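Both complexes below contain chain A, partnered by chain B and then by chain C.
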Partner chain A sequence: MSPRQLTFHIFRYDPDRPEVKPHTQTFKIEEEMGMTLFVALNKIRDEIDPTLKFDFVCRASICGSCGMLINGKASLACKTLTKTLPSDITLFPLPAFKLLGDLSVDTGTWFRDMSMRTESWIHTDVEFDETAQEEKMDDDLALEIYEAERCIECGCCVGVCVTANIRQNFIGATGINRVSRFMLDPRDKRDEQEYFEVVGNDDGIFGCVGLMACEDTCPVGVPLRGQLAYVRRKMTVAGWHRK
Partner chain B sequence: MYLQRAMTRSIKTDYIVELVQMVSGLLLVLFLWTHMVFVASIIIGASSFGALAAFMDKYELLPIAVVAVIFMFAAHIGAIARHLPARWAEQKVAWRHAKMIRHYDTWSWLFQIVTGLAILLMALIHIAVVSYGGISVVFSKGRIDNPAFLVFYLILLLFSEYHASVGLYRIFVKWGFVSRRRLEFVLGVVSVLLVVIGCVSLGMFLALKLVGGVA
Partner chain C sequence: MYQSFSSDVLVVGAGLAGERAAVSAAQAGQNVIILSLIPPRRSHSSAAQGGMQASLGNSAMGKGDSPDVHMYDTVKGSDWGCEQDVARMFVNTAPIAVREMSAWGVPWSRVRNEKRMYEGTEIVEDPEKVGLITARNFGGTAKWRTCYTSDGAGHTLLYAMDSVVIKLGITVHDRMEAIELIHDGTRCYGVVARSLRDGSIYVYTAKTTVIATGGFGRLYAASTNAVINDGAGIAMAFNSGVVPLGNMEAIQFHPTGMVPSWILITEGARGEGGHLLDKDGYRFMPDYEPKYMELASRDVVSRRIMQHIRAGHGVDSPYGPHVWLDIRHLGEHRINTYLREISTIARTFAGIDPVKEPIPVRPTQHYTMGGIRTNKDGKVYGLDNLFALGEAACWDLHGFNRLGGNSLAETVVAGRIVGEKIAEFTKHATLEVNSALIEEHVRNVEGRIDQIRSRGKNGENWVEIRKEMQMTLELNVGIFRTAEHLQEAVDKLGNLYERSLNVGLMGDGGQGADPELVNALRLPGMVRMAITIAKGALERKESRGSHFREDYPQRDDQNWLKRTLAYWPEGAKEPDLKYEPVTITEIPPGDRGYGESNVKK
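After this line comes the complex of A and B, so read on.
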């Protein structure tokens, strides 16, 4: 059987050259055995157009750099095999993030800002004693925290979220998931009212309209609906107690 | 910290508005379903419908319901407005986005906005008509015999059942506990059932024969 001919329709735009309107450009390449979109995009860049911009680092769905819209579905290009796709493949950059050009977006600035606003660090006044025995965490709890911690910050959940696309300050599923991680962690001494200040508003959990595009999208399968519901319930109780 | 944030005593408002949105929505669904069951009394017979109407008259339930529903509408719209793509540019983003990601729930949210606005307009017309004419078999029959009114009520029935069902689904999705597939199934069945009951009620009015102007 001869290999398939793949036709890529790739979004092209260079913010430094606004006179060239955003458009899609078509590239044809031959499919190879076990080809991922990572391989295909590199082939296009090497053999057809060296100006094509896209992001990759790890190629193993760990770094979260290569999130993009693949035929409309947000996922990681490195873990998407071309054989799972039709021969016509449309690639768009992730929405909601700053567009650097073509398929490349700046997720870093967004995540940095979200981390600062959700205060994503352990809040404690316990003095660290390097000679003391490390406190043991319950296995089940550790696993629960790990479930949220598996987020690779690819931004797919933010890209597909309609609220994140029209409300710049919404922290998205990844942000709320992040907060849930700290809520679970007994080392973080924040009380419910302190968490409420961080996430008990329309930029946080109450901004979510529940479309669950995030959960349907997450390439590493973080159970986002559960995490969102957990934070919503916590914050509803906190709001009830709030003076 | 920003000046206005520092000077705003509490940010509890978003939380309260979110609760208002949910509670008003739930009450409106409760009202809608009760309403449809009451209307369905015509299926048993014109006399049952008449008895129910008399009962409502006796306790002044119609004006109470009208005021309560208008109040709940206002609360629901006021609360939900903050989520809506209100600016034209936001509308364009939302629709293009739904088209781009081809995600069912995102589409259903846009339909929620469309049906919500349509329901607001149509329900107000309906409330005005009922407030003017009261509840009686003859008055209802008169309207259903008019094709324009029949289409109006069919659309209002479909839109409100759809909106209620998707709204309930959204609430349950947000709070967790029940699987989305099971929710879809249960709410789908309930909604189809209520639409069928509503259609049968309309059909009963159409088939009803008035003798000398009374049922």
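After this line comes the complex of A and C, so read on.
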């Protein structure tokens, strides 16, 4: 069987050249065995148009660089095999993030801001003692924290989130999952009222309208539905406790 | 026109090593700026899977472990090529570093209160140790010493480290590429950088500059490395003409790169009890390495696999022959809990469920032991006020073969040790920089960019040159090396280097953040490093660790117990090779106890 001809329709726009209006450009390449969008996009750039902008780092679905809309669905380009797609493939940048050019968006700035606003670090008064043994933790709890920690900050859940697309400061499912990760962690000493200050508002858990596109989208399978429910329950209780 | 920033400490590279050093300086009250090609959490540190070595000795199979045992394993693993004073500091600090990362939030996997079967033996944990940080088996280690978080150790370490960077409010400029060191031949004052957002030029001056830009695996055609690991930061130091690179010929090939995407399958898969099988389903490693089997050092296992494939036992595929990595007998629960990331990778990229089928693997370029040569404090040879650490540096903890689990450990341990040295040094340092010197380096960078732009389509094509360079190293400077192939590589790469100096642009002129210009600009530095690898390998007429010469199959301590130092003088066409002795403080050269027992008497 002869290989398929793939036709890519790729969004092009350079914010530094506003005179060239946003448009889609068409590229045709031959499909190869086991081809991923990482391979395909690099082939297009190496052989057809060296100016095409996109982001890849690990190409192994670990680093979260390459989230984009693939035939309208948000996912990681590196892990998407072309054989799972029709021969016409449309690629758009992730919405909700600042566009840097073509398929490249500025997720880094967004995520650092989210980490600052959710204060995503261990809050404790305990000084690290070089000579002391580590605090014990049950392995099942460690695995539970890891489950939430597995988020790779690709931004796919943000790109597909209705709230995130209309409320610039909404922290998204990724941000709420991040908060749940610290709530689970006994090393973090914040109490529920402190968390309520961080996430008990409409930029946090109460901004979520429950459409669950995030849960359907997460390319690494973080159980976002459960994490959203967990944080909402904790924050609802915290709300009752407020004076 | 350029924007400029000044700080006490400038760190180039936001992986684990760079961030840990930045944290030390910031904790000392110093003003720190980190530059990174990408958002820090996307750094290649995040891709480390299996774990980091530290002799906590909490797990039953790690009982009796100590820094001394870790030291012996590391030195033996390096084939006596490492700096033993560095290795000693490292093994002593690793347990502290692993606990510090725990305090900062890493959800390390813990000792469980349950029995487990491993290779036919029942493991019973000490009830007192339940809940402490556990460890798994890795290659070339006498004890189970590799601490892990499932098989996402690098990811959890990097996220915890970056959380501290954010907490301390350390400035990070991402999508910023350091292009040239600002120096006067004796001292470094910072870097000229270029924004990958819009192509504009930036000047960063600092009392102390630190390079932590990772390794250069992408000089090879097939590498487990992220696409950013092209050694640009190392090339920047090399291009100064006065900074030497150490042991560039010491290239690690990981036994289990997955065919054909060359994505890493962690050593943890064999550590957990996985086997290597040939085309007949036969477990061949015990025949070659009766004692360590699949868990000899990486250089040895990679050679044994290729030896077995050469003998006709490989599985044929359109991507060349390979062997199988079989973890099915570990059971679904263990695989999906502690090897879940590589299982997902196998399912996604190879369409293989490792619970039911073996994974196709072949030795693949993975790590670079060489890099910017520093002393034991991380201070770079040849330029003052410049430090380097992590995979970018040749500190030299790994000699000619790094043990699995020792690179992730190096990032945070060197980050601590060198980070403190940086903070101490910076406390007493001043910054007075001549503006003419800055202008000169800015003009250099602008000149290089203008030349590439003006050549345009009349220049050489960077894609072609890069591909030829990668294939030349792949085919001629791989696991088995001979004078004939190495000479061929040196000649070919020399020719490619000439061409790289005339690189142009095939696209529309390299305006703004044009990705083609980024690659074209990096190209000559990459080819210089490639020549240096080949030339160092050609000159080293012995076999040591990962450097295996078929025409000199023995380790020759009499003539080659020394480190290669490569310089690239301005205008040179190939590197100038010098050598320095290896520091041996505790363990005299001996037999490794695995591998070909090839010590020349």
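Everything below uses one rule, namely that the second predicted complex is superposed on the first by the 243 of 243 C-alpha atoms of A that agree within 3 Å, B and C clash if a C-alpha of one lies under 4 Å from a C-alpha of the other, contacts with A are read in each partner's own complex, and residues count from 1 in each chain.
Here, contacts are C-beta pairs under 8 Å (C-beta built on N, C-alpha and C of every residue); 3 or more make two chains touch, one makes a residue touch a chain.
Model, not experiment: these values are computed from the prediction.
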Which partner, chain B or chain C, touches more chain A residues: C
First, second, both or neither for A:E30, with chain B first and chain C second: neither
Touching partner for A:F111 - first (chain B), second (chain C), both, neither: second
Which superposed partner A:R233 touches (first chain B, second chain C, both, neither): first
Which of chain B and chain C A:E194 touches, first, second, both or neither: neither
Which of chain B and chain C A:R242 touches, first, second, both or neither: first
Which of chain B and chain C A:D88 touches, first, second, both or neither: neither
Chain C - residues contacting chain A, complex: 38-44, 46-47, 96, 98-100, 102-105, 107-112, 130-134, 149-150, 152, 155-156, 159, 162-164, 166-167, 172, 174-175, 197-198, 226-228, 260-261, 263-264, 318, 337, 341, 344-345, 348-350, 463, 505-508, 511-516
Residues on chain A engaged by chain B in the complex (per definition of touch): 69, 72-74, 92, 95, 160, 162-163, 165-166, 196-197, 200-202, 206-213, 216, 225-226, 228-230, 232-233, 235-236, 239, 242-243
Contacting residues of chain B [partner chain A, same complex]: 10-12, 14-19, 82-83, 85, 90, 93-94, 97-98, 100-103, 105-106, 108-109, 170-171, 173-177, 180
Sites on chain A touched by chain C in the complex: 14, 16-17, 33-34, 36, 45-47, 49-53, 55-65, 79, 81, 100-101, 106-109, 111-112, 115-116, 119-122, 124, 126, 128, 130, 132-139, 142-143, 145-146, 149-150, 152-153, 185, 187-188, 220-221
